Structure formats: structure tokens, C-alpha cells
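There are structures below to look over.
The following pair of complexes shares a single chain, subunit A, combined with subunit B in the former and subunit C in the latter.
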Partner chain A sequence: MQARIIVLSLLLAAAGTSAARAHAFLDHASPLVGSTVATAPHEVALTFTQSLEAAFSSVQVTDAKGARVDLGKAQISGNTMRVGIKAAGPGRYQVHWHALSVDTHKTEGNFSFTVGGQ
Partner chain B sequence: MDDPLVYARAVHFAATIVTTGAIFFSVFIAEPAFSKTEAGARSPAILRALFAWVVGIGLALAVISGFAWFVFVAQSMSDSGFAEVFSEGVVWTVLLQTGFGHDWLARLVLAGLLAAVLAVSFQRRGRRSLSDAVAVVLAGGLAGTLALAGHAVGALGFEGFVHPAADFVHLVAAAAWVGMLLPLALLLTAVAREEASTVAAHAAIWRFSNVGLVTVAVLLVTGLINTLYLAGSIAALTETDYGRLLLLKVALFLIMVAIAAVNRQVLSPRLLPDGSAAESRKVLSRLRRNATIEAGLGALIIVIVAVLGVTPPGLHQQTMPDMQHHSH
Partner chain C sequence: MSRFLLHSCASALCVLFASLPLSQALAHCFVGARFFPATLVTDDPCVADEMSLPTVSWSKSGDVPPATEWDIEGEISKRITEDFGIAIGEGWSQIRQPGAPTLAGFADLETTFQYQLLKDPSHETAMLLGLIVDWGNTGATNAGIGTPYSVLTPTYYFGQGFGPLPDELSWARPFAVTGQVGYQIPTDSYDVAQGFYIPQVVVYGASLQYSMPYLKSEVKDLQLADFINHLIFITEAQLSTPVANNFGNSYETTGTINPGAIWVGSYFQVGLEAMIPVNRASGTGVGFVAQLHLYLDDMFPNTFGQPLIGGSPSKAPL
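Take a look at the complex of A and B:
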């Protein structure tokens, strides 16, 4: 009986501590989602809750006018996705990501960050 | 339910489970029981041929539905139509560069090897313990690797190992129990017409009952682990589509367990070695009816599983952050 309780508690503990759930969602980003940064970043880095399929995941960064400022193909490894940014001035930037989890399910999302200049 | 992937998944799960279950049944239940038939009994030969047909058709359906599943997933991954998936090489990208593709390649190899081993062992009479063991391992692998094409994969850290492992074992156990019901019903039908096979039928019933007891325990434990990861809160179970479907699945499973308990506790003990032939026929007929009902409930569970695979799991549907969505 005691052994059963121990096993059950271990299972519950394992379930409770895992932040990752099925399907890949954005866990955190750099620059931070919705943040204002002093200088323009050299890259945007996204960390997801699940491992990604590199062949079918992508990210685009656009400026306030809608022009692309990312350097194209993102580097994807495990649950992270990073893309370089062209030299960019102050303003608001939009990040649109498209993720395919290794469980074959797709997710997508948007966020913005602001580069303060003055 | 307008997603054609659901139908491909349902057929593929059913075909895989029936194929694996028929192989398990043949090796662990039927052949040991056949050794108890009296000389001149015809049902072993009839049943061997029937099981070979079940496995052959099951394997063929598994390959066809597996191909359909693969094409639907490739379309969804690449946001392209049926023709583009082939003309633009998407199938190769999916097959060679994604975890799902690698799993499907491995499963195709397993299915091919299984067909080869079965073809050889079917031709060769006499001792076949080695080919039986290989067939059991390949068939178990074919069912278990379905875990790597679903919600169990993708997590990081501890869950990334435990969840797929639990789901692998869950699928092998499901194939062992649900997949054995059809061959069991076939066996009970065949022996009902033949006095010389009654003792063999009793042996098969008890062996199946013991295997069933173990698989139900394994299904409960591994099912609990899956549930904790995918819908591990009361709200996730009661307030999301995923959770409600899962509860329905558990309810159907419990009805199957209740029928199995009646079979084991009430019906099977009435099969006495020195009992009357009339009583034995009556009990075997009831057991056959119950096996058919259980197989029907198992089929309903498989349909639910097919839908669950394309439904966002309850826990994350609840915790899904703003500004991002599931776009499947």
C-alpha cells in the first residue's frame, strides 16, 4: 500500500513539475514579448515549450511599415528558433512565428517589441 | 470530424491493433490451447487459416491507411494540396527530415519484416518458436511505435522520455487485449461446432482471461500517466473537448472491464472438465457474445482515440497563452 502511494506521488510530482504540454507554444523570447529595448537587437530568439521540426518552422520580423528586417532562414535547434536582424532603427517591430511541433501539430503567434531610439 | 485525418487514424489504429492482437492470440493463446484438442479435431486447421487471413488483411489495411495518414500530415505540415505534396517533394522532406517521417519509415520496415517472417513461418510446419518470438516482437513494435506519432512526443526533459515510453506500453497492451477479442470470438465460434475441441476452448478462455488481467492493469497505469500529462486537472477533464472525450473513453473501458470481470468470475468457473456438454455450450456461447460486445466497445474506443489525436489536449487548451493559437 505504501509503495503504491509513493509511486502515485512520484507520478503526480512528475506531472506537476513539467511545464511542457503537447503542442509547441512560445515559452519566452528575446527581446521579451511586448518589451522596449534601448538598442536594436542583432537577432530574435524564441524558446518553445516543445521540440520543433526545423523543416516546417519559421519566423518573420517586420518593421512598422511591414518590411521584413530578418535575415531569412531561422536557425532551429531543439525547442529554440533564432533569426538574425538587419541593422534597424527605432520603432515598433512585429514578430510572426510559425511552429511545427515534433508531435505533428502546428501553432502560430505574433508579438511585438519596440526599439527606443531617442 | 470533417478532418479526413480522423478516418485514416481510426482505420490505421484498428488495423494495427487487430494485426498485432491476432499474432499475440495465435502465439500465446491459440497454439497452446490447440495442443489440447483431441485427435481428429478440425477447428485448429480452420482457425490457423482464419488467423492468417485476419493478419494479412490487417497488415494490408494498416499499410494503406498509414499511407493516407502520412499524406494528410504532409499536406497539413506544408499547407499544400494533395498534388503539390508529391510534385514538390514534400513527401521526401517529411519522410527524411521530421520525427513523424522517421517513425513512419521505421514502422514501414517493421510491417515489411513482419510480413516476411509470417510468410516464412506459415509455409514451414513443425517447430516455429523462433519465428513466433520474432513475429511477437515485430508486431508489438508495430503497435507501440504509434506512440511516436502523437501527443506523447515533443516534451522536454523527464516528460520527453516517460510520456512516449508509457504510451508505447499502453498501445502494446491495448493491442494485446482489444486486438485479441476478434480472434477469441472466431475461436469460440469454431469450437462451438466441435465436441473434440471443448477442452481446448476451456484452456483458451482461461489463458485469455489471465492475459486480460495483466493488460488491464498495464492499461490503467500507463493510461493514468498519459492523462496526467495531457489532461491532468479536473477542469481539463470536464471543461475541454479533449477531457470529455477522454472521460467517455474511460467509461467505455470500464464497461469492458466489467464484462471481463463477469466472464472471469461468473461464466468461466462454470466450464468444468467433467461438466455436461450442454452447460459448456451455453457458457461458451455467452462468452462469445460478450467477446463480440467487448470488441464493439473496443472499436468505439479506437474511434475516440482517432479524434483525440487531432484535438488539442485539455491541459494546454486551458493554459494556452494569448496571441498564439493551435492552427492544425
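Take a look at the complex of A and C:
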């Protein structure tokens, strides 16, 4: 019984010691994940469930041949990450992102979108 | 292990929690883009900082007439290093048998030592080795809920996401499977008081999952209701088969198949599953299990949410 009390006491003690933050999940994207858009977007915008560490979060956009079509460094503000896209023709594009939330939890993901109904 | 030694170990852990410098905060069971939730009756394939409190289940035994059993359990898991963790679990049970006294009490204290063998983000693969120890004489032995002997269960765990499937099968990418197989070795072979042999048992289980969060963020955003986008549909199986030292008793496999769902939030998850016995020896009718599971690494990123020792710098350039 003493061991049980010790474990519960530790949990209660920890509860008051730290602000709660969490992993940054991708909440939504523009263009939408898996969507088909009629015209090429000028940028890809990702919105996360938590604020991001700008220096340690990134996004890349590649075409069907694996060549990068993004304009380089992403703009990160709060929980949103944006990156511009070069003039892109019809085809399938892949978005690869890494995120570090402000409490240093890492997440990553990939998704695609299609331009021009292919 | 004597009660004195048990309490000493718990006290030592307490001192470790309170005094050691904490280094960094990393994930619970994230493997690349895949998140393996904590499963209810099996275990996920990662060491982590997390707590299940409570896990509540209700079922009826296969006896005639059947006994009704309530179980309330709690477990806390803590990473000692980045790849090694310890879990401590405890449970309380009440068994009502018609025409017999109600039995109630604590189960034996359970500790699990786990080592992360592999996390392969690109293939969404995770593997884990564990040693589960049920400490004899720490529960309600007189009620038959605890045992006078300890049980050691070396266990292998795995998880595999279907994310690497080709584009033609993108609808299946939110699927994942997890599983575990262990071998229970009691520290005694014969229970003198009860007069029966104590069998060695293979315990195994698996889960099949379909992750709506994965569908939304990796495959296709169908713009469904937010509640649905947080669900992971799951079917778990937990089974056990006596394989040795079971003289005069049945070698029949028992267990349950558990369909249900887990709602995953940022700081906790809630799971609910039906428990369907695989045969008459496993139970009568459909029971249920429900669980509140807390992500301690997200709730307390600067304290409980970090391994006690070591770890690599988390702010590496991406």
C-alpha cells in the first residue's frame, strides 16, 4: 500500500510543476491534404495544433520527379507555417514537413495534392 | 521480493524522480508520421512517459452460473533513458459469484521493464522488448486475486504502420497493426495450498487500427467533424494458452476480441471497447473495458515528460 501511495503522490506533485503543452499535429493545410486544385497555388500553408519553434521547423514541396518547387525557407508565425511555390504546372506535388513545438516535441508528416485534375 | 524491499525500491524511485536533472522532452509513441495510441488490453510498442488511470472493465466469467467481475486498474510508465523505461501497475478487482461470498482486493503489483529495440520513422516500424514482473504476495492472496508466487513474462512487442503503401492503396495507409507475445514463467510450479500445478502460459495479443487523424493529415482531408478526425478505430485481441506444467488441466486457449474506438487529444486519450469472449471458457456475454490515458510528456514536458538520464539534444536543425 505504501508503494501505491508514493506513486500517486508523485503524480499529484508533478501536476503543479509545469505548464501543459503538446505535440504539434497538422490541423489543416492549404491546399487541403489529398485534394485536387484547378490552378497551381502560390504557397502551401500548414496550420498546426501548437505553436512552432521557427528555427527548427521546416517544409519542402517537391514535384512528381522529386525536384523542389518551394521557394526555400518557410515563414513561421505562431502555429502556422507557409512556403511559397514556384510557378507550377499540372501534376502531383508532395509536401514534407517537420515541426518542433515550443516545448521541443518533434512531429513530421507528408501529404500530396494535385494540380489540374491529374 | 519482501514488502520491505518493495517499499525501498518505490522510495528509491521517488528520490530519482525528485532529484535527477531532467534533460529533454520527446514523444510518446510517434514513429515518423505514425502515432500508435496506447491500446487498452495490450501494450503499444514504445517506451513512454504516460499514465493509464483508470482502466475499468466489466465481464462475466464462463462459470455456471457466471461470476460478475469488475476490475479497476492504473499504470504509470516512465522513461529512465531515451530507450529504457519502467512501468508500475496496480489493480483492484471485485468478483461476485451467485451463492458465494463476494471477493475483492488488490491484484499483485506489476512492474514492466521495457527497452526500445527499434523506431524506424520511414517505415513506421517499432519494436520493443519487455520483462513483466507480477510480484507475488503483494495482492489479496486470500481472496484468490493475488498469488503467493511471482510471475515473470518476457515479452516482445511490435508496431507497423501501413503508411509506406503505394499511392494506389492510399486508402489503406491509415491502417496499422500492433502486437505482442510473451511467455509467463511462475516462480513456483505447484500451489500447495490450492493443490494444483501452476502452468506456464503463452500470452499474446494484437490490434488492428484505422487512424482518422492519419487519414486527415497524411492521405485526404475529408473535412469531417472534428470529433471524428480524432478517432482511431481499433479491434484488439488478447489470448493466452497454457503450454507447460498444466497436468490434468485444459490446454484450451482463452481470451477476448475487443472492437472499439479511441479518441485522441493533445494531452489525453479516451478508449472504449467491447470484450467478446472467444469461447465459453473465456466468459459469458459481452463485457466492456474503458480507459482514460494521460500523455505525461505533453502534460509535464519539463518534469515527468523527459527521460531521467541522458537523451540526445532535441533541438537539432531539421
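Observations, loosely collected:
Here is the rule we use: the second predicted complex is superposed on the first by the 95 of 118 C-alpha atoms of A that agree within 3 Å, B and C clash if a C-alpha of one lies under 4 Å from a C-alpha of the other, contacts with A are read in each partner's own complex, and residues count from 1 in each chain.
Please note the rule applied: a residue touches a chain if its C-beta (ideal position, glycine included) is under 8 Å from a C-beta of that chain, and two chains touch if they have at least 3 such contacts.
Since the structure is predicted, the reported quantities are computational estimates derived from the model, not experimental observations.
Within the superposed three-chain model, A:105 lies in touch with subunit B and with subunit C [touch as defined at top].
Legend: residue contacts after superposition of the two complexes on their common chain; A:32 is shown touching subunit C, with no touch to subunit B.
When both complexes are overlaid on chain A, the residue A:82 reaches neither subunit B nor subunit C. In the superposed pair of complexes, A:58 makes contact with subunit C only, with no contact to subunit B. Residues common to the contacts of subunit A with subunit B and with subunit C across the two structures: 11, 14-15, 17-18, 20-23, 25-26, 33, 49-50, 53, 55-56, 98, 100, 103-111. Residues 2-4, 6-7, 9-11, 14-15, 17-18, 20-23, 25-26, 28-29, 32-35, 49-50, 53, 55-58, 98, 100, 103-112 of subunit A are the ones that touch subunit C when the two sit in their complex. Listed in rising order, the residues of subunit C touching subunit A in the complex are 6-7, 9-11, 13-14, 17, 24-27, 30, 32-33, 51, 76, 88, 90, 109, 121, 167, 170, 213, 216-221, 223, 266-267, 295-305, 314-318. Interface of subunit A with subunit B (complex): residues 11-12, 14-15, 17-18, 20-26, 33, 49-51, 53-56, 78-79, 98, 100-111.
By the touch rule above, subunit B contacts subunit A in their complex via residues 73, 76-78, 93-94, 97-100, 149-160, 162, 224-225, 228-230, 232, 312-313, 315-316, 319-321, 323-328.
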